[in-house]
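Starting off with a structure, shown below.
First chain written, first letter: the chains are A, B, C and D, and each begins at residue 1.
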Amino acid sequence: MKKFLNTPESVLADALAGLAAAHPRLDVDVEARVVRRAGAGRAGKVALVSGGGSGHEPLHGGFVGTGMLDAACPGEIFTSPVPDQVLAAATAVDQGAGVVLIVKNYTGDVLNFRMAAELAADEGIEVRTVLVDDDVAVTDSTWTAGRRGTGATVFVEKIAGALAERGAGLDEVAAVGRRVNELSRSFAVALTACTTPAAGKPGFDLPEDEMEVGVGIHGEPGRRREKLGTAREIVAEALAAVLAEPVLTGTDQALVMVNGLGGTPLIELYVLFNEVSTQLAAQGVTIARSLVGNYVTSLDMAGASITVCRADEQLLALWDAPVDTPALRWGG
Amino acid sequence: MDIALARHWVQAIAVAMDEHQDRLTQLDSAIGDADHGANMHRGFNAVLATQVSYRPDSVSQLLVKVGTTLISSVGGASGPLYGTAFRAAGKALPGTDPDPAELLAALRAGLDAVRELGAAAPGDKTMVDAFLPALDAFEEEVRAGGDLAAAAARAARAAEDGARATVPLQARKGRASYLGPRSIGHQDPGATSTALVFGALATAAAR
Amino acid sequence: MKKFLNTPESVLADALAGLAAAHPRLDVDVEARVVRRAGAGRAGKVALVSGGGSGHEPLHGGFVGTGMLDAACPGEIFTSPVPDQVLAAATAVDQGAGVVLIVKNYTGDVLNFRMAAELAADEGIEVRTVLVDDDVAVTDSTWTAGRRGTGATVFVEKIAGALAERGAGLDEVAAVGRRVNELSRSFAVALTACTTPAAGKPGFDLPEDEMEVGVGIHGEPGRRREKLGTAREIVAEALAAVLAEPVLTGTDQALVMVNGLGGTPLIELYVLFNEVSTQLAAQGVTIARSLVGNYVTSLDMAGASITVCRADEQLLALWDAPVDTPALRWGG
Amino acid sequence: MDIALARHWVQAIAVAMDEHQDRLTQLDSAIGDADHGANMHRGFNAVLATQVSYRPDSVSQLLVKVGTTLISSVGGASGPLYGTAFRAAGKALPGTDPDPAELLAALRAGLDAVRELGAAAPGDKTMVDAFLPALDAFEEEVRAGGDLAAAAARAARAAEDGARATVPLQARKGRASYLGPRSIGHQDPGATSTALVFGALATAAAR
């Protein structure tokens, strides 16, 4: 296994200690596995907490800061956090105005956050949950665990975070988060598998001329295997899947992310973004705002996801609002 | 089952999860995210750690504690599911040492809680596919007048068979369901760890 | 070759078009291969131009913007730009106060930028060149092409850019750039080779349990091959090499970068940074400021570099000055 | 050498760089950054493109133009070096068609310019190690009364030999020098492309 680590067991603790050392404006409790903004919170502000398995950095710890999350609770690699951990985070950041939990739709995340929400309610904390399920590679049916939560998480955290910063109430913040999720769809392809420290070898083998189409962010194989296409073909396929969603029909302006899965260099992401931009323009969609980079990763997987959010002026204004976190920073 | 036996069971589970950690990880790597081995290992290590100084009044209390510990140490899908199973089973037990029939009823309560929480039906390629046949076999043996050791041994074999029988299934719950038909041909990691749980019960009961 | 691209020949043009689409505040001339700040420059401001081969993104195009570069000229993959291109960039951004060329020390870069500097001088543009050569893996002797320029380039561009923004004169800006370079040293290790689109296969094979020590950022093998060590051991070796440089003796506070080479996920960079932080502390060095992420990459190479700059208050103040580029953004 | 022959030379170089692009890339991949094939290919393609409508007055002018085009289209180390070589050679030629001795003197001027710019000595594992022996062989043949075709053919063979002789050398200039002793055992890409340049001269002169 080719990784920079001390032992597979200590990766998370070491990385959290590194996060703490690199970002003095984060308050990182390595023991409790809670990352929160340093300093006292603003009384009366709705708090945002997110979390999930580690291995998706900068998600979620890198999005803690003014204008975005109040706290993140990172689980073990690809393992959702435990309820106590989420509760500790919620308790630490609640300012009396309640806590919005942003949860990616995976069985483990849903169950652990649900238990945490119950514990928090028992302690008198008002909680709302926003479930993110944007991945169109998985159909949402009673025969599956539903669509997965992937790239749209960044949009939800940024936009709900901005609204909370403006002083909006608990239900309002949760509602905007849900709306962003509802208006967002993602699709990903992988060129290689990733290697978890625990497994020590790649999750699957992929011949030199093939790609996995419709992958998630946990190293699992995709929905199918195809011959590796050109950037143009791959983007066409991803956009066709994303734009086929009824909720995106008639999109005229969009918030778009081309996201690397961890092992893909930026130059390739720009090649993809150029295709996305050209192909969306040909379909009458204007890219109002965009992100190109590694935001929701899958350890060292070579691959990329494309997320499109149908945006209106309210969402764009919230997107533009100041944000100051390790991984997203503007305005101010 | 008395408290000492319950303790042996839990210890045997921890030993099994340690021995089979890599296998569970590799199974989860094929159709999941390669963490099931580490999850079970971490969880039952935590259980062992709490047991050291823990003096429960009853098997009931002990199993509730096991469940609570799993919930607060595992994470993932398996943490809440196994944790709830042990908690519900513990809560369903009387305050006294349960006889095999009482244990069976408690384990049924555990399974019901898992099914309620995870909404998995038999055949969905989950831990339910080992859990349910294990309890059916346990029940048959108890009905036939078998003791705990006999019932546990049959349950363990049935759980093993149930886990193996997940191979041809297409997953409909948990993250393996994302693979659609590509989940076929692989054994479910959670069903496999459930077989280890019943194997450990058989080991403990046979002592 | 597992890459997102259309054709190997079009990677650069496609990526530049993507860069333009993603960053409206950049003015990208895809034809002339010049990336510059959109809008008119400030009269009398010293202009900063850098460039080099592509494949190191976000370097240099991602560092164009307020407080950093005025223009970047990206060459083909791993190929320094041609003199005409550098001249076009310098001409486009000169505000009458002269242009500082920031050049990484490679024969190709040095020769092409030198020719460009002569052409610019012929056109009446005052030019100063800052040569970056921070890589301690290569000894600086008359028997080599000298030390390579790697991670310190980011420090030089940021700090010189801040001073230029403050209105300093040409010689002053060049001097601070040279001082930053002089006070900075880097060391890198690689876990895998990278694949250039032109070659289509990795530059070297590396067994599963070995690493290349002392690599550059062009996919070349390192100075030697070693058994893969722990993060702790790797950082110890890198820091020993870096801190052995006489100029770093007695460093009490430092500007530190742990930089991914393109194929290494952020979680591993944080594991490395934790080691850097712990080990520097043990040697009495305080990390005053830091960067952890992908800043100077080598396509899809899995690996990391560590750069230490001995910093004083002047340099730190310039480091903290506002910067607004695609890849670095703060203050404001 | 007249303008037509000079044109044929340049065309033959372009053909050779096209044919050998992958080989040059692979050589540069081993001890450099895998761009020498693409660099030479791009450069001489650009040269071909400028030649289409270009009507020089002399071989001198033509070679200067080749050099200028290389400088503004190649980049990397090889662009300025080859560009300077052609420019210096062109400038050293008389305005009339050069005889072999005049061509030799001009090529010497080209080599001198390369050495001045790149500071490489013979044995440093660079293009100089093909360039220098090629000119020495060329000179010997001219001294012996050989014509251009004969001199070019000997120069081409010597350049080939020189390129091959870089294999055991340790690089002391260019990016291969970063490898230290690990640069030993590989043929220098720039010396190899220089051999192609002289091979093309031989081809053109033999027509």
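To be clear about the criterion, a residue touches a chain if its C-beta (ideal position, glycine included) is under 8 Å from a C-beta of that chain, and two chains touch if they have at least 3 such contacts.
Here's who's who by UniProt: A, C = phosphoenolpyruvate--glycerone phosphotransferase; B, D = Dihydroxyacetone kinase subunit L.
Quick caveat: nothing in here was measured; it's all calculated off a predicted structure.
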Touch graph components, with chain A removed from consideration: B | C, D
Chain D and chain C - chains in contact with each: none
Centre-to-centre distance between chain D and chain B (centres being mean Cα positions), rounded to whole Å: 74
Centre distance in Å when chain A and chain D are each reduced to the mean of their C-alpha atoms: 54
Where chain A and chain C are represented by their mean Cα positions, the distance between them in whole Å: 29
Junction residues of chain D - those touching two or more other chains: none
Arrangement of touching chains [line / ring / star / complete / other]: line
Contacting chain pairs - touch in the sense defined above: A-B, A-C, C-D
Interface residues, chain D side, partner chain C - complex: 25-26, 29-35, 37-39, 42, 71-81, 117-118, 172-175, 177-180, 182
Touching residues (chain side chain C, partner chain A) in the complex: 1-7, 11, 14-19, 21-22, 54-55, 57-58, 62, 191-192, 208, 211, 228, 230-232, 234, 262-275, 277-278, 287, 290, 292, 294, 297, 299-300, 302, 304, 329-330, 332
Contact set on chain A toward chain B in their complex: 53, 75-84, 106-108, 111-112, 115, 137-138, 143-145, 148, 196, 198-199, 203-204, 216, 218-221, 223-224
